[in-house]
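Chain IDs A, B, C, D, E and F follow the sequence of writing; residue 1 opens each chain.
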Amino acid sequence: MSLVKEFNDYRSKMNDLILSKDNLVIKRLWNLDTNTYAEGALTTKTKELLGLVASMVLRCDDCIKYHLGKAHELNVTTAEVYEVFAVANIVVGTIVIPHTRRAAAYWEELVGKPA
Amino acid sequence: MSLVKEFNDYRSKMNDLILSKDNLVIKRLWNLDTNTYAEGALTTKTKELLGLVASMVLRCDDCIKYHLGKAHELNVTTAEVYEVFAVANIVVGTIVIPHTRRAAAYWEELVGKPA
Amino acid sequence: MSLVKEFNDYRSKMNDLILSKDNLVIKRLWNLDTNTYAEGALTTKTKELLGLVASMVLRCDDCIKYHLGKAHELNVTTAEVYEVFAVANIVVGTIVIPHTRRAAAYWEELVGKPA
Amino acid sequence: MSLVKEFNDYRSKMNDLILSKDNLVIKRLWNLDTNTYAEGALTTKTKELLGLVASMVLRCDDCIKYHLGKAHELNVTTAEVYEVFAVANIVVGTIVIPHTRRAAAYWEELVGKPA
Amino acid sequence: MSLVKEFNDYRSKMNDLILSKDNLVIKRLWNLDTNTYAEGALTTKTKELLGLVASMVLRCDDCIKYHLGKAHELNVTTAEVYEVFAVANIVVGTIVIPHTRRAAAYWEELVGKPA
Amino acid sequence: MSLVKEFNDYRSKMNDLILSKDNLVIKRLWNLDTNTYAEGALTTKTKELLGLVASMVLRCDDCIKYHLGKAHELNVTTAEVYEVFAVANIVVGTIVIPHTRRAAAYWEELVGKPA
């Protein structure tokens, strides 16, 4: 299965399971997450790039995939994505290289050129 | 193979390998780990929940699995487990959501309803 | 000035400043934080201990101070607090020792025996 | 002494000391850091906001101060800065609140209203 | 496929992809990484062990694999590798145990005794 | 007061307080910490450098001070210390620069040239 489909399917299925448990704190936090990236003083595009770089420096592969998907929907270019990768690589060093590899593979698939 | 069996089998096999190397520091640390969760001023159940939330905020999937297994043996309920998940989600934010998904899947299997 | 007063004064003053900026996401997240520790399937006391151990393993001194203050209000004993410290020390190793020192100093002051 | 002056003075003095030791790897890494934020596919302003959010989620107070200083030079507004704070608060949770307090105090001073 | 071959193949393929994008910051950082471990005041062997322990305490499995591979090329012994594992286990606690398991499995394969 | 004296005095005083509480897990962990750096397959000097780089990449200022003190007792040279700093800076990026500044100041004092 493709990396993108596998990620999205598991994400949907498990989010549904978790939300079915009716824990109010989790539900509200997750709602708030959606609001965070709404157009405001900063554009949604800028905020998604903030979410992407935050995910990279925290080395969370699934979070990176999520924000790469959003970036792709917002027509972020490959050059822009790699500049975000570069900021992450400088800020948090070579420890992020393995995550950059997986991010690059996922991005190739999003833009139609699976690695 | 089930998530639970796969985790436990690999854990046992590799722990045996590591302990066979006779590194005294590792052996003593691992023994001490067992003592940490013994009944004391706090109950073993409370301590296991502390171990679970610590594992979640540190985003260590295998540590989460280990403490979920222990929590299940101690008859922790699904509502209690989700309140631990909620604390972890608030304290450390959306970065822990992917780990919450995997934790939720593992818990379903422990309680007999594999996702 | 005492550690406790210094922490609480700065916390109040800066929280007021931040909330005066009317960022809705921050306001809602902070409200949600209060709800998280409410009585539920787990007691408020257990949840505060979860918040404390999470703060320790993430090595956030001010978060530790906040939860120690709450624990003190809830009549948590010194023996219980040190068992939380012990879990944190085992889970995240000697890197947490300097934070344990500052936590111990703050706790002494809370219980009326400033170090 | 003001927070801004204290930070900048110590930073300059210690950077000079470190660079005087002629460690080539450190020198080159630090040069590269400057290049990272140059105008490119993304603007310098966007990259500085990326550096700011990365510093916040990694909870590095001095890194936050550095990028707030740069943001101020680039005429970033208070509303924009607080949207970066909001992304950091959602992504990495309440653990970042104490750092948000110190960031807010530093920003007030930069815009001429010391807290 | 063997753990070692799988790691090296993916690493080579994805590094080539990333470098083909001509992001200068990433290229220079990665070059600098190679220089860091060159013979100097400290031997290359000591520096590789520093890279290994850093990778362990940061809990980056792929970084651990990379430095284990380098350590093996430099004739580091199993006893030496386990003393590095021990330092990592003490410094960062039981949270690193799952990474120690995977590191141990990879090392067995490098020395010709796949687990 | 000097950085070195201030660190050592607070460390001694608070360690005594913590150990006086007789938490067995903490006592045994701290004893084990001493054993970890004993001469073995690797020399004490190499192990102290491992402890130093681990402390740096985990960004624990007090842990850095402790291992710099030990390194100084073991006649580690300034060039060697800066090569450890360089490994830490590459592995974990610019986020470690503020900690490198404080480490450099502490080292100057140890070698008799307070910054």
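We take it that a contact is a pair of C-beta atoms (placed from the backbone, for glycine too) under 8 Å apart; a residue touches a chain by one contact, two chains touch by 3 or more.
Since the structure is predicted, the reported quantities are computational estimates derived from the model, not experimental observations.
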item	value
Other chains in touch with both chain A and chain B	C, D, E, F
Minimum number of chain-to-chain contact steps, chain B to chain D	1
Chain pair with more C-beta contacts, D-E versus A-F	A-F
Equivalent interface positions on chain E and chain F, same or different at half	same
Where chain C and chain D are represented by their mean Cα positions, the distance between them in whole Å	26
Shared interface positions of chain A, touching two or more other chains	25, 29, 32-33, 36, 54-55, 57-58, 63, 79, 82-83, 86, 89-92, 94-95
Chain-level touch network, classified as line, ring, star, complete or other	complete
Interfacial residue positions of chain B with respect to chain E in the complex	10-11, 13-15, 17-18, 21, 23, 25-26, 29-30, 33, 54-55, 58, 60-63
Residues on chain A engaged by chain E in the complex (per definition of touch)	59, 78-79, 82-83, 85-86, 89-90, 94-95, 97-98, 100-102, 104-105, 108, 115
Touch list for chain A against partner chain D, complex	32-33, 36-37, 40-42, 46-47, 49-51, 53-55, 57-58, 63, 77, 79-80, 82-84, 86-88, 90-92
In the complex with chain F, residue positions of chain A that touch it	57, 89-96
Residue ranges of chain D touching chain E (in the complex, touch as defined)	24-25, 28-29, 32, 35-36
